[in-house]
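Labels A, B and C are assigned to the chains in the order they are written; within every chain, residues are numbered from 1.
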């Protein structure tokens, strides 16, 4: 088992290197002069030029990248051009808010989608099924930032104590979490339903009924455990995506998370910050997916057997 | 006449229809059947004849809708078809157990076999988990699987072993009636013999009645005392083993025997029954077997034959016997 | 040899033709699929009409402060925005951007995706490993961040948007194409074709792809919906279609400042996005059901 985890982490490294090069390469085309930004408004042309020379911006892209990688291996993601602060530290300071939003969002999503998905599967073809599937489809079709705006219109403007921006108190988490969670719920509900339908048509469910298992137990004990794998997959990918920074939701609600950090840094042409953050984001997303795979092994005995050989 | 006390399963006028988009499937059409305590009856017929549906109805496991059931099924005098879910969950697995056709998919892949057998016990007896586990292991021993495998998952077992686990699960609470639906069809021939022996052995020990569903006449001969032959959802011939095997009366049954390869005459051609099973959504008004029957007359196509007695234990549903001196080509044996 | 064999359809062609007809017949019976088709045709139809009918300068971008911020009324069914422009007309006109950018980007990513996926699935081994590494690299970056970076790098114009969205969406199609091709490739008739010396490219084009096409088509349709949301998202952040050209996401962004009291500005453009994406999702689901009834939920 440990060997498998080790292998997966090892395979991550070429991907991270690829990501870093890709991002670095793209940022190098960005118009807008980082040197000018750093030097400030009052700098003269000579000063900016000197700064550019000093920071190595005149070297070829490959040299710059090589320098960046060298610094990376010495154990640092560098410092931001703009704020002069350490990239890693800055990222980590924004991360908790993103994690908070991601966890709250997935919680909202799971609370809605699993019961709804199971209910739909059990009453396939009924009104409950129809309504929940249509709602899920609508949820999938709307951009989540629009949902955020609608929530502001319907709720925040009417209920005074729910803030529309910032992350001041717990109440501020409500609308962003619902915004994030609803979109995720749409996908997870559909997956839950189809996975349950699949499992419920299996022979071993008939065996359970013939043994005398009561209907509720058949669903929650016999069926659900087997239906979990696709549900966990989808939950994991959704969670991973939000941890990568729910850029749009953070924008609508001015939520101070990683997404905003990255978007602002791109705007400021702060290459080390952007590159560093994207590497960290990719790492975080990949690790989330790895954790999901490990959870599989504990849910599905067949997979566990494969990994512990 | 049989005393009501002696009858463990009494199926009365059972009719099961499935209302689907493409038409209504008439799966079971007026089936009457009685099984004595400690007895064994074989339910024979081709795939699609309605045997499995009849068996499922005995446990009230038919999906309704789209199914519609009429008639009564009395288990020790109580009508299964009018019981509540709660009552049904009490009798399923305890008074009557069912074993299904395909052992490969009948076990839940997410639980150990020990757990699955123990669950059968825990569902019906209020004993501590450890005791249930003990008994589950004992059941495994009885079916010839070592106790150390109780912690295995189904995918770690072979087909034959899975079927034995299913037998263990079915008999764990010593039911009075076991319904076995094609218990050996999906298995190798050598394993078939083992499984049948096991079922016989356990039956004798617990004095369990057996309703055995199969398309294999050889198995019926080995295991059963009575035989019922089904065609297109109806019983066309029913009687003791001797009645049906040695004094065959119905043309369809004759056809089944004739289609068996003759080991004494290896060079003879196989003689299957010509034609195909009728479409269950479009059953004819008359005898369902008439299109394939070499003895059929105009009357057969018009009128549905009812089961009539040939003698005390033997009944057949065939209009031909209203003609003087009619008999099948297949000769009676002693 | 009969010289008139050209009048007989060759087996693959015949299969493809009747397969297509079969799929269409199944699809026609699917209510939600047909609804989706109807919605999309409606949206495109109205969009085209609007683009022909409306005068860009006079009706779409002309500022008319006198009429600014008017709530929905008979004269302006969707109201007017902060510059006095009729929102209904702008919403209709904006269809061209979303639809055209989405279509082009999905076509590009489908072509690239199918090519890469087929090569990876068909040849396996090193080819597969290399292609999948690249796909993983692009796929690991959250698509919106990728889009923002590309726009920041290369500027904010329609072609860049198309390419950014295309590349961002390629990884999904590569994966589906690869899985599909791998499944078909293992069939015996492919082995037979290779054994008799038929050239690889011919095998891929004539035998593998037609059979692997169903999941790819479903995925592409669903990707179109995602692309539309992607365009709206980038525009919402100010990185998509530049003002004063109307774009649904951009309209949401500017309407946001007036959310208190003038909420209609944020309702209608969003509704347009939802209906359009819904249409594509319905078509995708309908295609999935039509192509493999076994998967019907």
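Keep this in mind: a contact is a pair of C-beta atoms (placed from the backbone, for glycine too) under 8 Å apart; a residue touches a chain by one contact, two chains touch by 3 or more.
Predicted model only: the values in this text are computed from it and were never measured.
Enquirer: Please state, in steps, how far subunit C lies from subunit B along the shortest route of touching chains.
Expert: Steps on the shortest route: 2.
Enquirer: Skim through the chains and flag the pair connected by the most C-beta pairs in contact.
Expert: The chain pair with the largest number of C-beta contacts is A-C.
Enquirer: CA centre of subunit A versus CA centre of subunit B: separation in Å?
Expert: One centre to the other, that is 55 Å.
Enquirer: When the centre of a chain is set as the mean of its C-alpha atoms, what distance in Å lies between subunit A and subunit C?
Expert: The mean C-alpha positions of subunit A and subunit C differ by 23 Å.
Enquirer: Which residues of subunit A touch subunit C in the complex?
Expert: 14-15, 18-19, 22-23, 26-31, 137-138, 140-143, 145-146, 149-150, 152-153, 157, 193-194, 197, 241, 244-245, 247-248, 251-252, 259, 262-263, 266-267, 269, 274, 278, 281-282, 285-286
Enquirer: Enumerate the contact residues on subunit B facing subunit A in the complex.
Expert: Interface residues on the subunit B side: 59, 61, 85-86, 88-94, 97-98, 100, 102, 105-111, 119-120, 123-124, 153, 155-156, 166, 169.
Enquirer: Flag every residue of subunit C that touches subunit A in the complex, lowest number first.
Expert: Checking each residue of subunit C against subunit A gives 133-134, 136-138, 140-142, 144-145, 148-150, 152-155, 225, 229, 232-233, 236-237, 249, 252, 256, 259-260, 263, 266-267, 270, 273-275, 277-278, 281-282, 285, 297.
Enquirer: Where on subunit A does subunit B make contact in their complex?
Expert: Within the complex, subunit A contacts subunit B at residues 202-204, 206-215, 222, 225-226, 299-302, 305.
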